[in-house]
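This structure is in structure tokens; I'll ask about it shortly.
Chain lettering (A, B, C, D and E) follows the sequence in which the chains are written, and residue indices restart at 1 in each chain.
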Amino acid sequence: MFGLSDADITALWITVKLASVSTVMLVILATPLAWWLARTRWRGKVMIEALVAMPLVMPPTVIGFYLLVLLGPRGWIGGFLESIGVGHLAFSFTGIVIGSMLFSVPFVVQPLQNAFTSAGGRVLEVAATLRASPMDRFFTVILPLSRRGFLTAGVLSFAHSLGEFGMILMIGGNIPGRTQVASISIYNHVETMNYSAAHSLSLVLVLSSFTLLMAIFALNRRFKVVSVA
Amino acid sequence: MFGLSDADITALWITVKLASVSTVMLVILATPLAWWLARTRWRGKVMIEALVAMPLVMPPTVIGFYLLVLLGPRGWIGGFLESIGVGHLAFSFTGIVIGSMLFSVPFVVQPLQNAFTSAGGRVLEVAATLRASPMDRFFTVILPLSRRGFLTAGVLSFAHSLGEFGMILMIGGNIPGRTQVASISIYNHVETMNYSAAHSLSLVLVLSSFTLLMAIFALNRRFKVVSVA
Amino acid sequence: MTLQLEFNVDRGDFALDAKLSLPSSGVTALFGRSGSGKTTLLRCIAGLERYPGHLSFQGDIWQSGPGAFVPTHKRPLGYVFQEASLFPHLRVAQNLEYGFKRIPRGQRRIQWDEVIQLLGLEPLLTRYPDEISGGQRQRVSLGRALLTSPRLLLMDEPLASLDAASKDEILPFLERLRDELALPILYVSHSLEEVIRLADHLVLLDDGKVVAQGNLQALLTARELPFVQTETSSTVLDARVVDPESEDGLTELDVGGQPLLITRHAVPAGLSVRVRIMARDVGLALAPPEGISFLNCLRVTLLDSQPGITPSQLLVRLKLGEQIMLSRISRRSANTMRLQPGQTLYALIKGAALS
Amino acid sequence: MTLQLEFNVDRGDFALDAKLSLPSSGVTALFGRSGSGKTTLLRCIAGLERYPGHLSFQGDIWQSGPGAFVPTHKRPLGYVFQEASLFPHLRVAQNLEYGFKRIPRGQRRIQWDEVIQLLGLEPLLTRYPDEISGGQRQRVSLGRALLTSPRLLLMDEPLASLDAASKDEILPFLERLRDELALPILYVSHSLEEVIRLADHLVLLDDGKVVAQGNLQALLTARELPFVQTETSSTVLDARVVDPESEDGLTELDVGGQPLLITRHAVPAGLSVRVRIMARDVGLALAPPEGISFLNCLRVTLLDSQPGITPSQLLVRLKLGEQIMLSRISRRSANTMRLQPGQTLYALIKGAALS
Amino acid sequence: RVAVAANFLGSMEQLAAEFEEQTGHDVIISSGSSGAFYAQIVNDAPFDVFFSADTQRPEALVNEGLAVDESRFTYAIGVPVLWSTHEDLVDAQGEVLSNGDYRYLSVADPQNAPYGLAAQQVLTELGLWDELTSQQRVVQAQTIGQAHSQIASGAAELGFVALAQVIQEDGDIPGSHWIPPAEYHDPIVQQAVILNTAQDQELAEEFMAWIQGPRATEVIEAAGYSVP
């Protein structure tokens, strides 16, 4: 298929797995944070908001480096996990998922926070008078009205996980079948002047994600566009 | 200052210039696109939406590579510019600005499109009955109501331009004083195991962008939160 | 007294100080000019705003001091908002179901079909809120609140954008809820018509202060209150049904020993009812006239008179047995007739309605 | 005829077929049940919806065939939406300025101070829309539309959530605009009161069809139209001012040769005016009665009668000179009095108002 | 203007400083990966000389007529070293590789980093490559710089890096290390070349000549390379 090697195909598969797992987990974890940011009136929230953008500011490799230290056997997290016998997270799939998630935090939190901010207000009050508990309101009112925010969060995070490799390489160690992702292969093809292989792998990556995204956007169109205003 | 070398300081300065210029220009250019995407009912728009996310899917170096080819003296764009005497764009500040912009397209278009989608509706009709032309409506109604979308777009794009280096390295060529940005310097410090320099430059980058973002978010808080719903 | 409340809202420009005791059933009308604090009060009762105060409903404390505060979704109330505020992402049917689904089947006292039919919602069920008209949205919003089978109903101008015909269909339904379910209703309306028809009690707000509260009948005829001075100022009289099926489509009542004929109603003989008579519908005569189209002619005593809403008018208070009735006549007629307090007169009543 | 329009809206469930010619000044009331297409029609006129049709205003073609379509912002109209729809990000003052600023100074026929004062907006100017009450929002929205000094005013229930007192302040202002600026107004309202007070013309919509259109007076008394059968059904009579400053705060008019007294108005003697009389305010007597509080007693001829809104009532059409007047009386009285078509009667009129 | 492979950047900065001091010329250094430089040079990058981390790229540039054939020379030969931050993990014979207690061994990517290739060859020679990779114990870094980071952070217990990376100014090497015999792997030849696009060909030649001079050789050797 497009002249891809088995290794390339494995790498593609891991890439997709990485992007999906980290996107799903991140969206789940970031939702409460974004909700809190959208609702709180605490003055210190600007600190958190700025903090959320930080993963973007650092070069991926450098984040990778700090993460490696943190997740490795001598870091807080890795060390702790090591001591309870789980083993540290460097060079594991879990490690790259964590890295990928960390890296996509801003892409997920920001759009969700925006969506939640504008989905609030009157309809929430109405739902409360209709006996919906805060949780219930969140799931039945806020979530559906924030659909586009979730879409953006998901797409940005997914796409970014596909393309990111500096950091993944650093903490993942490029182990074929475990942490070797497609972007690394493409990079290698370019580095080794194997341009035709780079082209075909790029093409596959781009075409497949393009198709996937188009499907998602098309699906989204089938929902009612709720313009709140 | 923090034990930074002159070269580091120059790199920081170029970084800030790059991030500001590309963010501002990108926001200006992406706004009409996002507006069009938010408004059109053309079925093919899902294609454009998917396309917009593509820069994220490719590893930065690879994008950098393709951009290099395109903007370089033998590429379409570079070649054309060369032929009219402007000179090609590889290894120039303009080149990395273009690269940076291209790379941030999804971060800017998506939040803006979301904001525009929810800011539309009734208030636009009202503005029309109050004699505001479409342009006028856009600037006096849509823009202010989309403030949070712009904030997100700006922050993501700015922060990402600070941290990105793989692509900038490729098309910029890491030329000190011209295209060497802080993230490349940090990368180099890590590569050459000059960890303390890497730490201090990272710290400066993170602290200053953190402060900047906090200021922006704090400023944003002073505006009225308009929850449209 | 079911609903006991006391709130102190301070918004700088606007302060609401309300201390009220509302009855355990029947409709209490909340009346007041635009900006007088009606919506604010309803929001406090619903728990949508939290200001210092105390609130208890049927013995349950909903708010008390800084600590006790039952959140909105745990208060068994229905709230019809001033703006319809439907969920934009849900179809009409789903909007209606939203609250309905959340009420355990056993606690549903108001039935789905009944609401749909009475509010004429059937053809709208599959539409989205932005695909229906303003009045239709208002009806959906009303239906949605009713379907939660609330034990307290808060309504903020629920019929404001409805045409007379729709109102005439919906009002009897609300009357039935009020009577059959003994559902206490707090009703904001600017239409004295609606209020008189529905309400038993009345709370008058002015700039955040409770100017008056109490029995509708008493407040409507109180000299110092503005009601006597409106175009629609009215009296509500207690009466007893004598013959529900009198001829010509009439029902005969007894008011303080005198007969009063009204449009026929299906009420059993002997029942105590209330009759509403608008001041403008009451003319006066020195002697019972002959050959004239006024159905009712009651003997009354003139109590006092005061200037009416225009310089050409007088508002006259009449004593009918133990009850008070208002009449609005022209100053010229009063002069011609030489009206004096204490004088016996005959009130010619054009229209009367059960309320 | 100023506004000529013809629209064919087809929304599947709902179709609007309207062909109207509206006069170049004065108020045209748009009347119809909830969902009958009133808002849709206004939106078509404003250019907010684009359906096949033709529309011209004072000779300018606004829409014609598939090609010609003047966009909304180029139509010199003011639109008061059914929901207030203020700009949430702008303070009240900025909301008001939004349209005002966009009108060249020379074209401003309605002044800032006047609007602010008449609508009582002064204390609200620095607030945001979510910090004011429902009625206040409605007033701001009205003011905002007026401040564009429109040449055509479209109003979709502009006074629905206002209290009677506010209405009484605003209606005279609208009347002045109508008269002084000769501003054509298309006015949707469910309140027959308002309509009768303001409107000269009336368009009756039912389920998207124009059931009737024309002179208010004619439509209100037309047998086949529902107006005669409403609680507030009225007659509008042409009269001439005889003595504007009669005693007791009255003004004397002449209607078909007979005197009619109304509350004093500042109108010059000799002027032709229109007087509104509600059917319920008209009683009948076989002979002019004595010692009775009815100011006016006009000699009329009975034209015909029909059942009223309740079985106990009759609606009677009376001929007063060349004009027609309605009276609502009880069936029982009609029987007692043995009313016959052609009979001469005396109409006892309680209240009359200039309209 | 000098384009230099990242792994030689440290040494080049030192050399350039001395060269500037001696001649008064300015040296502008851009560092990056050799592969990226190749792509850039093909697209007219504004460099005068190119210090690659390998021989293929200078060769390829010459073949494509982008570089001056005669100027191509080997400026350094890299020495790979098996290194660990643990004082006693790596023994003098490198037997730890086959029987040692470690989970991860870090090497640079053999596909594009010459040190990675050398490491692969050493392991293959020892008959361990296939076994270790199938056990997923070999972690690959993008560059030897990353490999160093992975080892320094302790995430990988040991790995192959360049001697130049771990040798300190006084010649000491922290932790423990083993330098595999040179015959276990192809020599890591790093070549430099003058580009055709050089603005000042003579200055470039002067610089190249200086790099091949005794003082520069001394510096390069002290940094952990051997010079032919």
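Simple rule for what comes next: a residue touches a chain if its C-beta (ideal position, glycine included) is under 8 Å from a C-beta of that chain, and two chains touch if they have at least 3 such contacts.
Since this is a predicted model, take the numbers as computed values, not measurements.
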Intersection of contact partners for subunit A and subunit E: B
Smallest count of steps, each to a touching chain, taking subunit C to subunit E: 2
Steps needed, at fewest, to go from subunit A to subunit D via touching chains: 2
Homomeric contact subunit C-subunit D: same or different residue positions, threshold half: same
Per Cα centroids, the chain farthest from subunit D: E
Intercentroid distance (Cα basis), subunit D paired with subunit C, Å: 26
Distance between the centres, which are taken as Cα means, of subunit C and subunit B, whole angstrom: 61
Averaged-CA centre spacing for the pair subunit E and subunit D, given as whole angstrom: 91
Geometric centre distance via CA averages, subunit D-subunit B, whole Å: 57
Junction residues of subunit E, two or more chains touched: 36, 39, 146, 149
Residues of subunit C whose C-beta touches two or more other chains: 83, 88
Residues within subunit A bordering two or more other chains: 61, 65, 122-123, 145, 166, 184, 187, 190, 226-229
Chain pairs that touch, as defined at the top of this document: A-B, A-C, A-E, B-D, B-E, C-D
Residue ranges of subunit D in contact with subunit B within the complex: 46-48, 71-74, 77-79, 81, 83, 85, 87-90, 98-99, 102-103, 128, 144-145, 148
Subunit B contact footprint on subunit E (complex, rising order): 1, 3, 6-7, 9-10, 28-32, 36, 39-40, 42-47, 143, 145-146, 148-149, 152, 165
Subunit C-facing residues of subunit A, complex: 122-123, 125-134, 136-137, 140-141, 144-145, 224, 226-228
Complex contact set, residues of subunit B against subunit E: 61, 64-65, 68-69, 72-75, 78, 88, 90-91, 169-170, 173-177, 180, 188, 190-194
Sites on subunit B touched by subunit A in the complex: 43, 45-47, 49-51, 53-62, 65-66, 106-107, 110-111, 114-115, 117-123, 145, 148-149, 152, 155-156, 159-160, 162-166, 183-184, 186-187, 190, 198, 202, 205-206, 209-211, 213-214, 217-218, 221, 225-229
